[in-house]
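Each of the next two complexes has chain A plus one more chain, namely chain B in the first and chain C in the second.
And now, the complex of A and B:
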């Protein structure tokens, strides 16, 4: 491990004081002269067609300025590019910000702008809406039944990217007994190896059904936006995960050129995948502002966030898994049904297969899946899409097998753990070969975690009872995507000697917006107090940057910043050689100087070099730019040209394999079998995420991601009344995400800090792996305490535990979703 | 009329500073007035435009309604006292620990700082159909949406349903019943004092209200007699989350027992009916019996006699049975802490 001055060290990010003192301005905090407010009229029905809108009375009210309907929007654009690992599924009809055919209760139909929110809301109440009710489905299996309802008039599933109607037979349903998932026609599949040969080698085969729930992302900050137009440009104050990559989407949603969008999002109160490219509804204030000629603020309430704020796709799965006596997994045959909401399909169900193939390295595998449309809020990737669900489906099976085979739960995971350039996923159709990861050190993580957690000592309590209290311990191995490549870095060494790094990363709460720029400072040997980071506003001229999603930022943007720093270093050396003689490679940098090697006091200060760069112009100050950078970066660099010595480059570094990280988690729980009440006694994680960039940020990410998983394990839910197609749990209280007081008091964390060999600096992302790890560590611990067949769905709430233990069945039908 | 939530409509707001002024306002506006204390129940209704009072009387500024004082041989707690103040009061801790536990089990620290004990006992049900504005019996309609084969009714009633299957969500109510607390109610005509267990009403009596307060009435204080001071108490709440959750079921008991027998006991549940339920038959059955597993078992079985679970809340039967058992015989503490 290289000796670093900044990388791997804790520091206070420059935005932090504003956040904790309340001075930070989120979208809702902006005001502009003459600003109007708008409110939304949401569909009261799960599926309907708008026959008529009578807004005469509303528009006649004093203070009401304008109405916006679906007819006034640009045609719906194709959905944004999916994060790495997600298949690009693009099919009409696509979602738009407003609609004349609402496909879920709560979908926005129109918006009204008025002088204040009360007036806008009063106006909404006076609108008379004539709706024609249409058939609806809120449960995938209901829709797959013979003669079951379709969520869309065009069908209920995608077959070869086309919306089609798929119904299973009565026999498909009657073949599945004992609460097992029926398995009818599944349009999607992939296979690895010889499945039957795999099962032939098995000494134990388990066949288990498990339901993971759909959940709203519900970041603390709702997707509020304020828009104003100045000199033909849209200035949009919004809440997005990705600063730079939101610009193109906003332009498409509003129907203007990207150059005409100024996007301001200095602080974002979380996204978890729901605001990757911003939100389509941001077009509403933008278009209302254009229509009225006044700034328009659209504040989104918590209930509205439930509707338009995106949701995780619940997956119902049945998995047959074969084990050898030593615990080695010989075969996995998994069947998945995904609830994909009313619009495009998601990649979650496929990721269930892909991530299982990595986490457990099965000798053979088949994945099958069907994605079913429902009239429930639109889905989007939610932190570890499919990865979290995979852990919930498979980890309880692996732990059950361990108990049946008399193997330790950690040992069975060590036996199956991915290592080195482990292969995973479906074979490439052309080569027949599987992809592989850049590196994996899961066995090392398991060993370290077992020690940290005190696994051996805790085993004596495994499954034991004292009075009404049952104790259990569990463990999970969770892989997920952790990096992309090919983005741009942009920085300036200014004539005042400061290093100014441009960061196009969104400030969504992870610190990565700043953390990645530390690599540029490190490589240029700049003290951190001589660095400034520009972010959160595209008028500050930011480089082309990855979306802040798929845990890719740390990997992608450390590479890009490394590249920009190397470009700046080369230019410093060249300027020194030009002015002081010799060759560029005779010079080194350090202590804010470029100097002749071996003579640190010689040469130029960075400030002097920056002034020389401006005099020299050309490539040195950004007047000539590399040809391979993105057009977005070219525009930004052009605007900054002449302000100092510019480092600007695309990340062209080699990269062999797919970048994924692993987190292993350990949990101990205590369950009261008389009441179903549970307590997480201890929780420990170890991260295999390459070089640690920022220890506090990393442990915060692992803890936060774990809490999302823990919430899915024990409390977070969706509730639908199937008869009416209506959601019942909409706001935080009824949805039940865990609070900080639900967090385990005893939490331990460690990182392996082994550099990834396929990237400069060696850092990978960590955002998503902890989710599945937290989820399944709790589930395996609960199963250890209560027995293997007490629950087959999440969340595992007291009623489910008690109904199962005392009544012999769950509170609800085994396969019904959203209960 | 299209529906919109989360935006409070205009209403006339009064902020009286005395009980007398409050009663004058409530007497003047009767059924058009809405009494708001901490606002935690009120704001939901007002913001969602489902309850649309013309006049809101905010009693948060009435100093007479706040504070805990000695009252004869017991305590008088002003209805406007926050749950946090109840939790922190030394006499509550010393003599009526069950009320401390119940108040501390309510909601979250932030809500307890704002929410009052009067509001906690007087709040409306949390049935999601009713609170979402569905036109159910309780809202003046003619159907219960929570009592259908496909309804989501895991959290609903197993006792005393009458058209409506909603439950009382209060954590402090069963503790107050166990302590034989008295509710002090005033209106322009004067003051009346009722037993806590009679403060709450089920749908059979009035399907639109959860308590006996009529237009013009104000709950001003809760008196706790010394009758059960220092008794053996038991309180337990089961909920999905550790904080910010209403009870699936809670239980509260106050008991005086010696080595050989339970001498006297009061026992109440909540989360099982539209009103907190005092278990008079169980109290009678266990009085004079030894405090042991057998008595506890008998009490648990008796507690669920007559219960009628809905489609999805059958678990409440074993839960009630076990909680009542524990209220009688106690339970071992956590194994791991």
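And now, the complex of A and C:
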């Protein structure tokens, strides 16, 4: 491991004091002169057609300025590109900001702008809507039944990317007994190896059905936005996971050119996948502001956030898994039904298959899936989309097999662990070959974790009862996507000798907006207190940057910043050679100087070199730019040209494997069998994520992601009134995100800190893999404490635990969603 | 909200306000420095007094300053702080007492400002996140603990959490981790690194005890 001065060291992010003193501005904290407020009219029905809108009385009210309906919107843009490794979202019936055919209860139909929020809300109350109710479905299996309802007029699933109606037969349903998932026609499938041969080698075959629930992302900051127009340009103050990549989407939703968008998002109050550009936030305040000629603030309430704030796609699965006596998995045959909400198909169900093929390296595998549309809030990737669901479906099966085969829970995962350039996923249709990861050190992570957690010593508590308290221990291996490539870095060494790094990363709490810029400082040997990071506002001229989703940022933007730093270093050397003689490679940099090798006191200071760069112009100060950078970066670099020595480059570093990170988690739980109360006694994780960039931030990401998984294991859920298609759990209290009292009492963490071989600096992303690890470590520990057949769905709540213990088997089936 | 606050809140808007009192309120409101009513309608002269109208121009003690402000009777403290007094450090996460992002101190006790009427805090001391650091920028020990431990991620919950911790440490300056967790358990974080939040606050408690 290279010796670094900044990389791998803790530091205080420069935005932290603003956050802790309340000075940090989130979208709702901005004000503008003459600012109006707008309110949304939400559909009261799960599926309907708007026959007529009578807004005369509302518009006649004093203070009401304008109404915006679906008819006034520009045509919807194509869906955003999916995160790397995920199939493109099929979305024929495009979602737009407002609609005349609401497809879930709570979908916005129109918006009203008024001088204050109360007036806007009163105006909404006076609008008379004439709605024609349409058939609706809120449960995938209901929709698949013969004569079951379709969520959309056009159908209930995607077959070859087209919206079609798919119904299973009565026999498909009656064939499934004992609460097992029915398996009718599934349009989507992939296979690895010879499945039957795999099962023939198995000494034990388990056939289990499991339900993972849909949940709203619910970042603590709702997606409030404020828009104002100045000199023909839209200034949008919003909450987003990417400062830079939101611009193009806003332009498309509003129907203007990207050059006419100024996007301000200095602080974003969490996203978790939900604040990748969305239509409502982007379009409504902007269009109402244009219409009224005044700034418009759209505050989003918590309940509205439940509706438009995106949600994870729940997956129901039936998995048949074959094991050899030594625990090796010979075959996996998994069938998945995905609840996709009312719009595009999500990639989660497919990721269930892909991630299982990586985590357990089965000798043969088949994945089948059907994605079903329902009249429930729209889905989007939520932290580890499909990865989290995979761990919930498979880890309890693997632990159950371990118990049946008399193998240790950690050992069975070592036996099946991915190692080195482990292969995974469906074979390429052309070559027949599977893809592979850049590196995997899961066995090392399991060993380190077992030691950190004290697995051997804790085995004595496994399944033991003391009084009413049952104890259990569990473990999980969770892989997920961890990086993309091909973005741009942009920095300036200024005439005052400061290094100014431009960061287009969204500041949503991961710290990566700043962390990745430390790589540029490291490579230029700049002391951190001589560095300044520009972020959060596109008028500050930011480079083309990845969306902070899919755990891309750490990998993608360390590469881009490395490239920009190398470009700046080359220019420093060239300037020194020009002025002081010799060749560029005779010069080195350090201590804020470029100097002749072996003579650190010679040469130029960075400040002098920056002034020379401005005199020289051309490539040195950004007047000539590389041809391969993105047009967005070209615009930004052009605006900054002449302000110093510019480092600007695209990440063209070679990259062979797929970038995935691995997290292993261990948990010890204690359940009171008389009350159902659960306590997480201890929780330990080990991250195989490449080079550690910022230890505090890494441990925070791993534990925070783990807690999201833990919430899915023990409390978070939706609840639906199936008769009327109405959500009942719309706010925090009934959605049940975990509180500080649900967090484990004792938390341990370690990182392997083994550099990824295929990226400069060696750092990968980590936002997502901890989610499945936390989720399944708790589930396997719960099964260890209570028995294998106590739960077949999550969340495993106290009432579920008590009912199951009383019955002697699982009380809650996996066939009905959102109960 | 404590029983006492509930009683205060219920008691405050007097019923059947006289025409004289109403007009006084309207005139006062018109003269208020910060009369821009974002959420609430500006008063309209000549309209009959609404039943239950109360005096609108009141004085609040916020962060040690006496602030004159025009407040409707149904206005919550969070809205007054954010939209009338420019104190946007107090966040609204749910507006219904579920998340604690809007926590402020009222007479040193943490309260959800989304669920307390502004009129009920007249004559009481309100402290928000903006009032914690010294005038010279010196951070409060709890804030210092957060900075030293790089606590919190998106930090939207942070102002509320910090105020809850400051309030709790006033009555229990030397808590165990478990006690401190209970003390701030009325606050939600969705980035959910609850472990580092506690570490930061334990550090803050230590600095506070040394101070």
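Keep in mind that, in the parts below, the second predicted complex is superposed on the first by the 809 of 819 C-alpha atoms of A that agree within 3 Å, B and C clash if a C-alpha of one lies under 4 Å from a C-alpha of the other, contacts with A are read in each partner's own complex, and residues count from 1 in each chain.
Convention: a residue touches a chain if its C-beta (ideal position, glycine included) is under 8 Å from a C-beta of that chain, and two chains touch if they have at least 3 such contacts.
What you see is a predicted model, and the numbers here were worked out from it, not measured in a lab.
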Looking at the overlay, does A:471 come into contact with chain B only (first), chain C only (second), both, or neither?
-> first
For A:676, is the partner it touches chain B (first), chain C (second), both, or none of the two (neither)?
-> first
Examine A:741 and indicate which partner it touches, taking first as chain B and second as chain C; both and neither are also allowed.
-> both
Check the residue A:191 against both partner chains and state whether it touches chain B (first), chain C (second), both, or neither.
-> neither
Scan A:807 for contacts with chain B and chain C and give back first, second, both or neither.
-> first
Pick one for A:733: touches chain B only (first), chain C only (second), both, or neither.
-> both
For A:39, select first, second, both or neither according to whether it touches chain B, chain C, the two together, or no partner.
-> first
With the two complexes superposed on chain A, say which partner A:302 touches: chain B (first), chain C (second), both, or neither.
-> both
If you stack the two complexes on chain A, which partner ends up touching A:118: first (chain B), second (chain C), both, or neither?
-> both
Starting from the residues of chain A touching chain B, keep only those that also touch chain C in the other complex, and list them.
-> 117-118, 301-302, 732-733, 738-739, 741
Of all residues in chain A, those that touch chain C in their complex | 10, 12-13, 16-17, 19-26, 28-29, 35, 37, 63, 116-119, 218-222, 267-270, 272, 301-302, 508-511, 696-697, 699-701, 703-704, 707-708, 711, 731-733, 737-741, 743-745, 747
Name, in rising order, each residue of chain C that touches chain A in their complex.
-> 37-41, 82, 87-96, 98-99, 101, 128-130, 132-133, 139, 143, 146-150, 152-159, 162, 177-178, 181-182, 184-185, 187-198
Residue positions on chain B within touch of chain A in the complex are 1-10, 49, 108-109, 128-129, 132, 145, 148, 150-152, 154, 236, 238-245, 248, 312-316, 318-319, 322-323, 325-326, 331-332, 334-337
Quick one: which bits of chain A touch chain B in the complex? Just the residue numbers, please.
-> 39, 41-42, 44, 117-118, 120-122, 124-129, 301-304, 466-469, 471, 668, 670, 674-677, 679, 681, 714-715, 719-724, 726, 728-730, 732-734, 736, 738-739, 741-742, 795, 797-800, 802-803, 806-807, 811-812, 819
